[in-house]
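Data block below; observations after.
Residue numbering begins at 1 within each chain, and the chains themselves are lettered A, B, C and D in the order written.
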Amino acid sequence: MIEFSTYNVIFFSISSFTLISAISVGLVNSLMRSLFFLILTFIGVAGLFILLSADFIAIAQLLIYAGSISILLLFAVMLTPESSTNNGNSKYFLPGILIGIIFTYLMVALVTIFQFNQLSGIHLKKLDFDNTIASIGELLLGKYIIAFELASILLLFALIGAISIVRSNESDFLISLNNKDKK
Amino acid sequence: MSLIFSFIPYIKRLIVLILILFGLAVGFILSKALFDLSIYSNAVFDFMIDKSSYNVAYFSSSLIGALGIISFIGLVLLVGSWVERRMIAKFQIRVGPNRVGIFGLLQPIADAIKLMQKEVLVPAVADKLLFFIAPVAIFIPAILAWAPIPWGPNMTYLNINIGILYIFAVSSLTVPIIFFAGWSSMNHYALLGSMRTVAMMVSYEIPISLSLLSVVIITGTLNLTEIVLWQSSNSIWLGLLIPFSLFTFFFSSTAEINRTPNDIAEAESEIVAGYHIEYSGMKAGLFMAVELGNAVLLGALVTSLFLNGWFLFGLENYIPPYIIFIAKTVAIYIVLIWLRATLPRFRLDQLMNFAWKMLIPVSIINFFMIAIETTIITNLDSSKYIIYLFAIINIAVFVGLIILWSKIFKIDKFSPEKIAPIFAQKIGGIKAMEGTKSVD
Amino acid sequence: MTVQENYELNIGPQHPSTHGVFRIKVSMNGETIEDLDMIVGYLHRSMEKLSEERTYTQNIPFTDRADYLAAMSNNLGYCLAIEKLANVIPPQRATVLRVIFAELQRIASHAMANGTLVSDAGAWQTPLLYMFREREKILDLFEMTCGARLTTNYMRIGGVAFEPPAEFYPLLNDLLGELPDKIDEYMDLLSTNEIFIARTKNVGIINPKDAINASLSGPALRGSGVPWDLRKADPYCDYDNYDFDVPLGLIGDSYDRFMVRMFEVKESVKIIKQALNNLPLGMHKTQIPLALRPEPGQLYFRTEGPRGELGYFVVSDGGPAPYRLHIRPPSLINLSLLKQLAIGSSLPDAIVTLGSIDIVVGEIDR
Amino acid sequence: MVLTNLQVPGKELSEIITEFSSDSVLDFSEDWVQIDKSNLLKILNFMHTNSNIDAAQLCNLTAVDMLDYFEVHYHLQSLDLKKLYSLKVIIDRDTSSLPSICDIYLGANLQEREIFDLFGITFTNHPDLRRIFLWEGFAGHPLRKDFLQMENVTPGLPSFPFEEEGKQNR
């Protein structure tokens, strides 16, 4: 039996908000609207993180997913032809449903296998990080320095790769232009 | 008798003088009682915790703080537009709103009533849901971002350790909302405006974060209150210590909040109003109000990050600190108005070039310099004078870098003599031109 | 496979930068203009047809309404054309008064043109209102003289309608005294403003050959560096007796057109000062027959209006009304190159180019 | 009979043109020269390129309805020589077509469109011959002298231009 506390009220309202918007992502026809609900889902997830006393991750969620990834998706949608029209008759409908069912099963399995009591917000609160961000910083630049550096190198390579892909196309283009001029 | 009549034009000024004196007197009397507003919230908390549970007490006392901030924003929205219009009128040699109420002070209320009475038109092809939600939703980040602003010693509503990140995260939510506003209008001008906004905001978030990173690394905290306290304990304003960060933050923020000279997202001479072209009535009013609120928010942020918050050379012990804070905020807001009244607008590509080719590289260099300086400061015992030295070095480097960059990109100042027209010696066509031509 | 579609944007008929009911349908690829179509005619009143039903004198008010920002210049051109056709010789005093008013109108018109250009470049109306400060004074002088500010209807065939009142001259002298300083003030504000230079320099470059071939005239032609001013080339109203210079642009961009207008204002001040010094006494108007019937014939007469060559082509069949009256609209013909200039440039550049060409829709459509 | 300051007298101009193309000058008076419609392009090209005439700019292009025929007036000017040339072409009311001079003078584009709109004179080879002031489908050409006496035409707007029946509300 779930007890009626402020924490639970807030938790259930936020999670129902998140769930409803997550379901709406798949249900609405317009791609833009589903993107809008996706952003709402991101914000709801950030709220859940705050309930878990993970303020840094919550803010990172807002900053990266709701603020930046959504912009990326916006551009992706803008580059999609007929982005505003009815997307209900997609040919990916059945595969999507299948993948959804598999993921639901996995999630339910995870929830039932793991003991979440130790990881819930109240228990985490008892651990009492006085300054989450300082602890995260010390961990990242202390214990997990190699992982951090590797991640940064990976990102650097991704950045350079993206630039070089663009530049190589451009140089091809320039070469073809030059050839045209010579002819 | 005529002497009395000759004073009539000055009666208005006399009233202003009397009002100011009266305000000062009342302020002096009240400054003791209203020195620290947080005590009232605490008193409510103490009162409620006896009567009910912790949660209710916490909720009700925090509600009071939130109401305080929201009422301040409401006041800003009411008075701000009047201030802006009067100021710009002064710049433009006209009078400005002066009909509704004394000095036209009630003009914003009249405007709001007019806007509310207007019919809200929705384009037939618009995406109704997003079109309706956008002007409402844009208010949320604009108000949420006020939470961690430190108004005074104990007057921070949300004193979290990640204050800067919080503001940054919340304000980044504006981008998709503006995009949805433009896209759902199904208007090419609106779409153009929202695409411009998104492109510009994505570009200008990088220099903003780099400049804020300099602030964070030198103060060693993300907490806005602690940043203010660091400045007062080292007795220097961060704006003087890292002038380039101040410039980058201020300039980039004007791009983020669509103020002149970077208001290309709603450039009225090009794309009429940009993303909110199709909005009418109070919906358009909401966008305008948010724009104004964001301008004041920028003032508050610059004040707490770079201008030493509520401290002003010991004056904060005598008058309420939040008054000093608001005064500094309003000063920054007036600078924004000044810019708006004076400068033409950049073009989109010029702004983008400026962000990517000038602000970002120079910010990175600036950031490395400040990292080195920070290590020196933290490893020295008496850091007070070395900070002043660094301030001078930073200003010199700031100027040097700008000169260097203008050399790299070959931006030479147009000398007025070089581009002034020449005068014809002979009237005629192309042949006569060859006689007069003396340039290039 | 990438699908690239251009989208259409209607700049106007209601747009802050079209300066009237004027529509440009542009086809854009991102921010770049790929195609452009001008659509005019929203203000078409068919003045040329209407004027065939009215006497020569009754047609003067029409010319006010053609270019409503330069009514005096339009009046002057029309009256000079009819005088030439009907062989009416105006008194000397009227000629000098006409010069004074035409040049005042040029100052007012250029102030408006440059102010709106800076507004188009994005300055929030401050330069526009600074320019309006002087324009207001000039319009006050007009009002004092003929009772109207915009549609003056001041010139008459054979002179001017009214003698300026006595208080006109001291006010005009005050204005002339302070105008050069005020122009320097604008120049301080704008001509060395980095943002303004960045927005207008090298934008909308018209090379001189194209400018001549596309029949450009006025500041748009002189901005390209072509020394052509009808006041010097084909003097009317004894303009050859006045000492003034013709400012020329360097490369023909929007900035040059702006600066040419600025300097032309200074030259106009010089002309008005000389005219005031040489203002002869006498009648301000000759008596002409009530029903003026010029001999059959035709005439193309042009003057240098604020926007360029303002021509009147009049065909008379000996009747009391012109058989055909054609107004050569400099605003319309200066737009000939807009398409070539705008294609390939970005939308803000096209707006600045349009602003620097300085159109008046009343004159385009007539 | 009325000559402006810069205008080249018709006699002088007709001699120059006759020298170039002997039979193209049909008539001339003191201030205008009437040339043959078929030789128009050739003569204008000659005047444009010849440095002694140097008609670099087309000042003005307009038409007059003379009830039986149309007169189209070309006012060309030389900036260097400070001269104004006045040419005139007479065309039929029924066929009313002329070669376009847009290739020689860019500035003729809009003026020819204006004449097409208001007089109904078609210009062959014009790059973009559409009505300019009035909308497509406007009945008649208002500057013709018989515009108001046209049958079955009432001046004024029957409905808003481009407005289709029953499509007023989208």
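One rule holds for everything that comes next: a contact is a pair of C-beta atoms (placed from the backbone, for glycine too) under 8 Å apart; a residue touches a chain by one contact, two chains touch by 3 or more.
Just so you know, these numbers come straight off a predicted model, no measurement behind them.
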**Item:** Contact-richer chain pair (by C-beta pairs counted) among B-C and A-B
**Value:** B-C
**Asked** With chain centres defined as C-alpha means, what is the inter-centre distance between chain A and chain C in Å?
**Response** 60
**Item:** Whole-Å gap between the CA centroids of chain B and chain C
**Value:** 42
**Centre-of-Cα separation between chain B and chain A, whole angstrom** = 30
**Message:** Need the CA-centroid distance for the pair chain C / chain D, whole Å please.
**Reply:** 24
**Message:** For chain D, give me the residues that contact two or more of the other chains.
**Reply:** 56-57, 79, 82
**Asked** If you look at chain B, which of its residues touch at least two other chains?
**Response** 427-430, 432
**Prompt:** For chain A, what residues touch not just one other chain but two or more?
**Reply:** none
**Prompt:** Chain pairs in touch?
**Reply:** A-B, B-C, B-D, C-D
**Request:** Spell out the residues on chain C that touch chain B in their complex, using ranges where they run on.
**Result:** 7-9, 15-17, 28, 31, 118-126, 129-130, 133, 187, 189, 191-199, 201, 208-209, 212, 225-229, 232-233, 245-251, 255-256, 259-260, 263, 346-349, 351
**Item:** Sites on chain B touched by chain A in the complex
**Value:** 55, 127, 129-130, 133, 160-162, 165-166, 168-170, 172-173, 175-176, 179-180, 183-184, 195, 198, 202, 222
**Asked** Taking the complex as given, what residues does chain D use to touch chain C?
**Response** 1-2, 4-7, 31-32, 56-60, 62, 64-65, 73, 75, 79, 82, 84, 86, 105-111, 114, 118, 132-135, 142-143, 147
**Request:** Could you pull out which chain A residues touch chain B in their complex?
**Result:** 6, 30, 32-33, 35-36, 39, 43, 55-56, 59-60, 62-63, 66-68, 70-71, 74-75, 78, 84, 131-134
**Prompt:** Of all residues in chain B, which touch chain C in the complex?
**Reply:** 88, 91-94, 188-189, 192, 260-261, 263-264, 267-272, 340-350, 413-414, 416, 419-430, 432-433, 436-437, 439-440
